[in-house]
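So that you can tell them apart, the chains are marked A, B, C and D in the order they are listed, and the count of residues begins at 1 in each.
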Amino acid sequence: MADFSFPLLSATAVVPAVGAVATAAVPAAKRTAAKWLALLFSLATLVLALVIAVRFDPGAKGPFQLTESHAWIADFGVRYELGVDGIAVALIALTALLIPFVILAGWHDADALEKDATKRWRPTQGFFALILAVEAMVVISFEATDVFLFYIFFEAMLIPMYFLIGGFGDRAGVDDATEGAARRSSAAVKFLLYNLAGGLIMLAAVIGLYAVTADQLGTGTFSLQQIVQARAAGDLTMGTGIERLLFLGFFFAFAVKAPLWPLHTWLPGAMGESTAPVAVLITAVVDKVGTFAMLRFCLQLFPEASKWATPVVLVLALISILYGALLAVAQKDIKRLVAYASISHFGFIILGVFAMTSQGQSGATLYMVNHGISTAALMLVAGFLITRRGSRLIADYGGVQKVAPVLAGTFLIGGLATLSLPGLAPFVSEFLVLVGTFSRYPVLGIIATVGIVLAALYVLVLYQRTMTGPVRAEVRAMPDLKARELVVVAPLIALLLFLGVYPKPLTNLVNPAVDHTLSVVDQQDPKPDVRVNAVPGEAGTDRDAEAAK
Amino acid sequence: MTSVAAVHSLWTMADGAAGSPLAPGGPSRIPAPHIEYAQLAPTLIVLGAAVLGVLVEAFWPRRGRYYAQVLLSVVALAAAFAAVIGLAAGGFGTTKAHIAAMGALAVDGPALFLQGTILLVSLIAIFTFAERRLDPATHGRPVDSFAAQGAAVPGGEAEKAAVKAGFTTTEVFPLALFAIGGMLVFPAANDLLTLFVALEVFSLPLYILCALARRQRLLSQESAVKYFLLGAFSSAFLLFGVALLYGYAGTVTYAGIAEVVSDGAKQIDPALADTMGNDALLLIGGALVVMGLLFKVGAVPFHMWTPDVYQGAPTPVTGFMAAATKVAAFGALLRLLYVALPGLRWDWRPVMWGVAILTMLAGAVIAVTQTDVKRLLAYSSIAHAGFILAGVIATSEDGISSVLFYLLAYSFVTLGAFAVVTLVRDAGGEATQLAKWAGLGRRSPLVAAVFAVFLLAFAGIPLTSGFAGKFAVFKAAAEGGAGWLVVIGVLSSAIAAFFYIRVIVLMFFNEPKADGPTVAVPSPLTMTAIAVGVVVTLVLGLAPQYFLDLAGQAGVFVR
Amino acid sequence: MNPINYLYLAALLFTIGAAGVLIRRNAIVLFMCVELMLNACNLAFVAFSRLHGNLDGQIIAFFTMVVAAAEVVVGLAIIVTIFRTRHTASVDDASLMKL
Amino acid sequence: MESLIALLVGAPLVGAAVLLCGGKRLDRAGHWLGTLLAVVSFVIGLVLFANMLGRGAEDRALHQHLFSWIPVGGFQADIAFQLDQLSMTFVLLITGVGSLIHIYSIGYMEHDERRRRFFGYLNLFLAAMLLLVLADNYLLLYVGWEGVGLASYLLIGFWQHKPSAATAAKKAFLVNRVGDMGLSIAIMLMFTTFGTFAFGPVLGAAGETSEGKLTAIGLMLLLAACGKSAQVPLQSWLGDAMEGPTPVSALIHAATMVTAGVYLITRSGAIFDAAPDAQTAVVAVGAVTLLFGAIVGCAKDDIKKALAGSTMSQIGYMILAAGLGPIGYAFAIMHLVTHGFFKAGLFLGAGSVMHGMNDEVDMRRYGGLRKHMPVTFVTFGLGYLAIIGFPGLSGFFSKDKIIEAAFASGGTQGWILGAATLLGAGITAFYMTRVMLMTFFGEERWRKAPTPSPDQPSVEPAAETRGEYEPPHPHESPKSMTIPMIVLAFGSVFAGGLFSINEAFVHWLEPVTSFKHGHAPVSALAVTASTIVVLVIGVGIAWLMYGRKPVPALAPRGSFLTRAARRDLLQDDFNHVVLVRGGEELTRALVRIDDAVVDGAVNGTAVSVGGLSGRLRRLQTGYVRSYALQMLGGAAVLVFATLLMRGV
């Protein structure tokens, strides 16, 4: 894309950043204006993201496209290097897509705080500005191909996230204001410290990486491509011990973010205490950076160490899957239930990443996207439900289906997506992950399959307890979804259906990137023991050609 | 017998005395010392201004004195800074770097860089000194944060009279200037005597400044007396160390000592050589001198004074001390270790490792349970001293420049933070109890946000100067092979993050108290101070390259 | 007599001074002990200068005295003010700030 | 022609989409639209059928490749259809019966304000079921497989305000999920073994891999079949599924969906043929279930639950037949079709009875209804005769063949299976006769108020305590309901016969499910004879118990077996104790661990740091002299450390 001089990637990150500033600057009186402004900027970002997706050419040579590279901090060997592969494009698109919905869904989330608003203290403006800030940082960390650049935003995004959780938490079912504030801030602090600790340990590894490269390449560098190439050329050979230590440093941070058992305990609190849109922001957008980084940095920077760690990681992922699902079954709080469900799903993603098969990793990437959409759908509808009833407890609901059928219906679809029902997007990714895992580790694959039964269990139990049965007095007057809420949910559901039936655009985008990763790690898919007719791949594609005719 | 030899040697040396500066045979043959005034300009300007300041105190009419003093100090500091720039531009930082004033002072990269930093910081600090809008005017006259009359008994008749008469302690400005003068010399000192004198020159005025708080005079005086006694105590150790080093090397110039250290004991008088293992002299002496400096930088276990003094001293002074003193002291420490005792590297490195680790951890851990903002910042400054030590230990050019950069970054953050502390006030003056800061973010988001920025910089969150600095020193340490030091540093900064975050939580997430403090609207002076702090913090966080280059070029000591 | 002994004396004086700082309560006495330490240093300087047969040490001794004198001025000023307010010169009373 | 296949699935799918998204404005026309689309796809089916007959036996299979679905490396999943004789049979059954039941539901659901939604779900089911049988690869089949599961979930729980319904729906879905696990593992195995999971290649290459792998695949497929077709040990959901509206029970839980397992096994014949152990497992499951279901059917007083038991048992027959390999496949499918007719008919009959009896389901509250609803009586009766295998009716032909095949499977296995199937036939005769007698014959028990009893939830105590009980007014159902029943009755009478005319059905299927004649150790005649004997015995006993003496309004305590059978042979109790309770305990324990251990570790560190901080703070005593002391100590340490380094 040399001919394409306009810095598309930077723009995609800058627009929301500018939006954040602009929104924050809106005077206190113009609250609604601020909301619209934020929405506008998020949509602009979406447009840019789509342009990226269009500009991106899956077939092209080289791991990264639309690259930008400028000198930044020479002393640290840091360059401002951006570039996207299929995986990044998919996730950027996801982020840019979700943020407008998050903003719409959170339209009134900050209103509760307006009571003690002053000329200077402008909750609404702050809320939406922070959301946009998070978007900007997430986007750029998806784009960064310089480890240091990535690290900076990987860490920095914690701050706005932290204020979103602690400052604009969920007031539903909180009778005592100060007690609620305490719960919120403790959740926020836990989120921040947990991730900060992870990040700092990663920092040590980042510095170590610099030391290694500086020692062996003469000048220290953080450029992913440069390091990968140097490795390939044999100029860079890390000692086994060093490589493992560095890998662990990186992986720890990502495992906290992802989150992987047993580093998950911050998530339920954070999601439970924050409003639904923010919870979506956490689990559907921010956490993806962790799994994405495993795929892009852990595997490509430290292939040998990754292989060395694979067994342990896979087992942890497996534990996450089952553990998260079982705990989800036992939750009394809707949001915490979704949180534990997410932990289970992240287990699947990590399983797919480290299965080191093309199905596994493509599946994992699709999973990131699909999980983002499905969780968003489920969580946002849950949020609408909670704001209506003013309680997060499952026990406080019942028979909603009768009074608010549309709400119940969308909730059910979100749930079915979460239990990855065939025909909905998550099924595709989940099955790919399972197949990918199974083809190399049959036993793990089978155990992981138990997860789909548990998923059905917690989703259906949730649905039954909240939506079915005799109508409870408290929900009798519950209104059905409003127009704004439908605008939020309908597209998500449509997307779930579309990607469930026709995920090809996504797979086409992702496959080359995955193949590249696998080649870096130098792993091939295990071959089937009976070779049936030609290569199925070709068969599939040429049959496609026919279909096209 | 040995004694005879020794005595004899004295006579003989006195006889054919070519080289000795004090050769007998009448004053006619004493060569006049040759001083490069131009190259010492920064120091001279500041000290000269200080003297002028004293005269102003003596003769200038009282009502105009404040303005005269402020003007004088600002101009002087600006001029001195200009001089530093001039020298640097003249290449004295790099190519023309050399020893001036007959080996007393070095004019080289680190010296100029640090002097520049000190001068800038002091300039800002003077602004906060001069702030007169925060305290309510008494008897219609604006007052600053210093006692009306330092000598008067708190709450006594004399003080009342002084307040009524509208006295203000404008002496603070010359005092500050003297201190700054000493600080300028400190990192440039190229022999142990100059080191000691400079130390005292900047310490003594600080002792007094500490005692001059307008409010809570008891605490202020207590901090002064503590600082003074411990300071004197430590300087005594330093001096004894100097003595021993002199005894070992027979000279106090860094170059001379380094030479002796490198080519062993042959220069030592046999009388010494066979009576005591002269290495012992060297090692003990070195250790004691280093201890004197560690006291100034507030490294564990010589940090006790820090929290008490930081808390009791008038906040502007605290900010000034916290920022400038650290810069000067680390400068001196660097020069001592890199120029005088490089031969001892293998002896002091492990020890400094221990000190660094202790300092980082102790500072971070103790800070966790602090309840007073100023004490909190004091402990955080201790932790930071530990981080900087990690860079010092690297014993590489990278190490030096990283430390220089860190000092630049850190000093501005600190100054800004303390400046913010001066704004948050209630009836009893500054409200430094953390509990009172609850919900500040609601009352005045701007101030809270600014303070949050400083805290995040302290915590080393990316995109702030704190992160760049921390990364620089840890990188240097890692390249110096101190990987585990880095890991421990990272862990302790994780602990440190905890209490910085705590303050942010307090400010933003806790409901404001009814009787909570209010944020006073300061004059442009303090505003500038804070603004500069924020700007530097962000600039050094986002685009540190230029300053890293600067520090990189300045990273070479002249020997 | 061997000048080394002066060094031992100096070390002894220094130790006494340090010990004094640790045991005495009265600020003035404390301060005196510090002065004693400084003078111990002076003695060491002079002794070394004698041993090395150059005069630097003796010059340094003069500097030290001046510095010590300056210190006295400042120190006494502070101690006197605090005595005025508290009507005691015991350093143990000056312990409002702790932990 | 190919392009029509997609339309086949598309029509009801569109219907579902429109009806479910359409909103209230469709309430009035909704059911018509739904029915119309069902009929449309039936018509398309007929067209395709005609077209297929037009071609030679071998090249009857049609393929349609829509687009490549999930292409990842070697993993190529396509959206592609395959319409061969086997699929065709199912298509006609599904769309045919489906259309009838749509029509029936128009009347049956008349008074339900959510009728539009009901038809939407029905259409959704049709689409999914058609996808299941038309898919040309296992993954797409899996989509249909879970799709029908979803539809069944929605329809069982259609009356969601009833907790029992909601629970039943959830249970059905969960149990099915366990089966689905089997299917997905099977698909993964196929992928790792053959590198694909399309029917053609997999079944073509089945022989080339190790028997062990095939056995594994077979067993996994069997697990799936058990879940969907309510076979032991995953049968527990079917009884509860009767909570759904009766048309649903007729369509999904009798005629079509529950037979998907049979389809799966028959479709995967090639795999099973190469894996004898798997086949043995299949027949074992079939045999056990056919007896299990029959026994349960004997003890139920709820008419629908009794029929459900019978369904289970009949599908047991099919599974067993399918497990017998080439000698059984065709008969399994044939019985499947005939069963589709008469069981659907019976359910619709039951529905019509309930319709006339204010939704009373307890057969002990029926009796003598033949006078009041003649059409229902006749159609139901014909269905009854068909299912017990009355000579000349559908059931007779299909079931008889299965029994023969069972004997033909040879050796002791043959004898055991034969015996089992025979016994099953007898029990079938017994419980169906019981149903018949209790419902349409004997005194009209519904005339007098129900006698209060603890274990009769269907009785409102309020009514009879206040003695103001007015009996229901049994009446014949409207045309929209009776016509389908009549049509089905025809099916149940003649289908079997038609199929058996010089083995038309068998030959029709032969290209797909290779057929070979089983050689029974006993002559076909003998089998038929013994079947009839057993049948007579069964009917006789039933008449002695329920026909001759009046049926007690209150169920007698009965033998242990009876009581166990009432509770589905204690299977649910087992599930409850082991799975439910155990699961709850496990999750509770995990919650505690999560708080105490995993999270505790984290909080623990924080707390301990705080404690350490508190302790270290105490060093800061505030006394200058202690500071000085510490400094001195520090200095000393510093000095000695330095000396130590040098070793001086």
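Just so we're on the same page, a contact is a pair of C-beta atoms (placed from the backbone, for glycine too) under 8 Å apart; a residue touches a chain by one contact, two chains touch by 3 or more.
All of these numbers come straight from a predicted model, not from anything done at the bench.
S.K.: So which one's got more C-beta contacts, A-B or B-C?
M.R.: Of the two interfaces, A-B and B-C, more C-beta pairs touch across B-C.
S.K.: Using CA atom averages as chain centres, what separation in Å is found between chain A and chain B?
M.R.: For chain A versus chain B, the centre distance works out to 47 Å.
S.K.: What is the distance in Å between the mean C-alpha positions of chain A and chain C?
M.R.: Computed from C-alpha means, the inter-chain centre distance equals 66 Å.
S.K.: Counting in whole Å, what is the centre-to-centre distance of chain B and chain C, each centre being its mean C-alpha position?
M.R.: One centre to the other, that is 23 Å.
S.K.: What's the distance between the Cα centroids of chain A and chain D, rounded to whole Å?
M.R.: Whole-Å distance between the two chain centres: 37.
S.K.: In chain A, what residues contact two or more other chains?
M.R.: Within chain A, residues 193 contact more than one other chain.
S.K.: Which residues belonging to chain B are in contact with no fewer than two other chains?
M.R.: Correct list: 225-226, 229, 233, 237, 307-308, 498.
S.K.: Can you list the chain D residues in contact with two or more other chains?
M.R.: Within chain D, the residues that touch at least two other chains are 606, 617, 620, 622, 624, 628.
S.K.: Among all the chains shown, which pairs meet the touch rule set out at the top?
M.R.: Those chain pairs satisfying the definition are A-B, A-D, B-C, B-D, C-D.
S.K.: Can you list the chain D residues touching chain B in their complex?
M.R.: Residue list for chain D touching chain B: 606, 609-610, 612-614, 616-617, 619-620, 622, 624, 626-628, 630-631, 633-635, 637-639, 641-643, 645-646, 648.
S.K.: List the residues on chain A that touch chain B in their complex, please.
M.R.: Checking each residue of chain A against chain B gives 71-76, 116, 118, 120-121, 151-153, 155-156, 158-159, 163, 166-167, 177-178, 181, 184-185, 188-189, 192-193, 196-197, 200-201, 203-204, 207-208, 210-211, 214-215, 220.
S.K.: Can you list the chain C residues touching chain B in their complex?
M.R.: It is residues 1-4, 7, 10, 14, 17-18, 21, 27, 30-31, 34, 37-38, 40-41, 44-45, 47-57, 59-60, 63-64, 67, 70-71, 74-75, 77-79, 81-82, 84-86, 91, 94-98 of chain C that touch chain B.
S.K.: For chain D, which residues count as touching chain A in their complex?
M.R.: 20, 65-76, 78-80, 139, 142-143, 145-147, 150, 153, 157, 160-161, 163, 165-167, 170, 173-174, 177-178, 180-181, 184-185, 187-189, 191-196, 201-202, 204-205, 208-209, 213, 583, 586-588, 590-591, 594, 598-599, 601-602, 606
S.K.: Help me check something: in the complex, which residues belonging to chain B touch chain D?
M.R.: 225-226, 229-230, 233-234, 237, 277, 279-280, 283-284, 286-288, 290-291, 295, 300-302, 304-305, 307-308, 346-348, 350-351, 354-355, 362, 365-369, 495, 498
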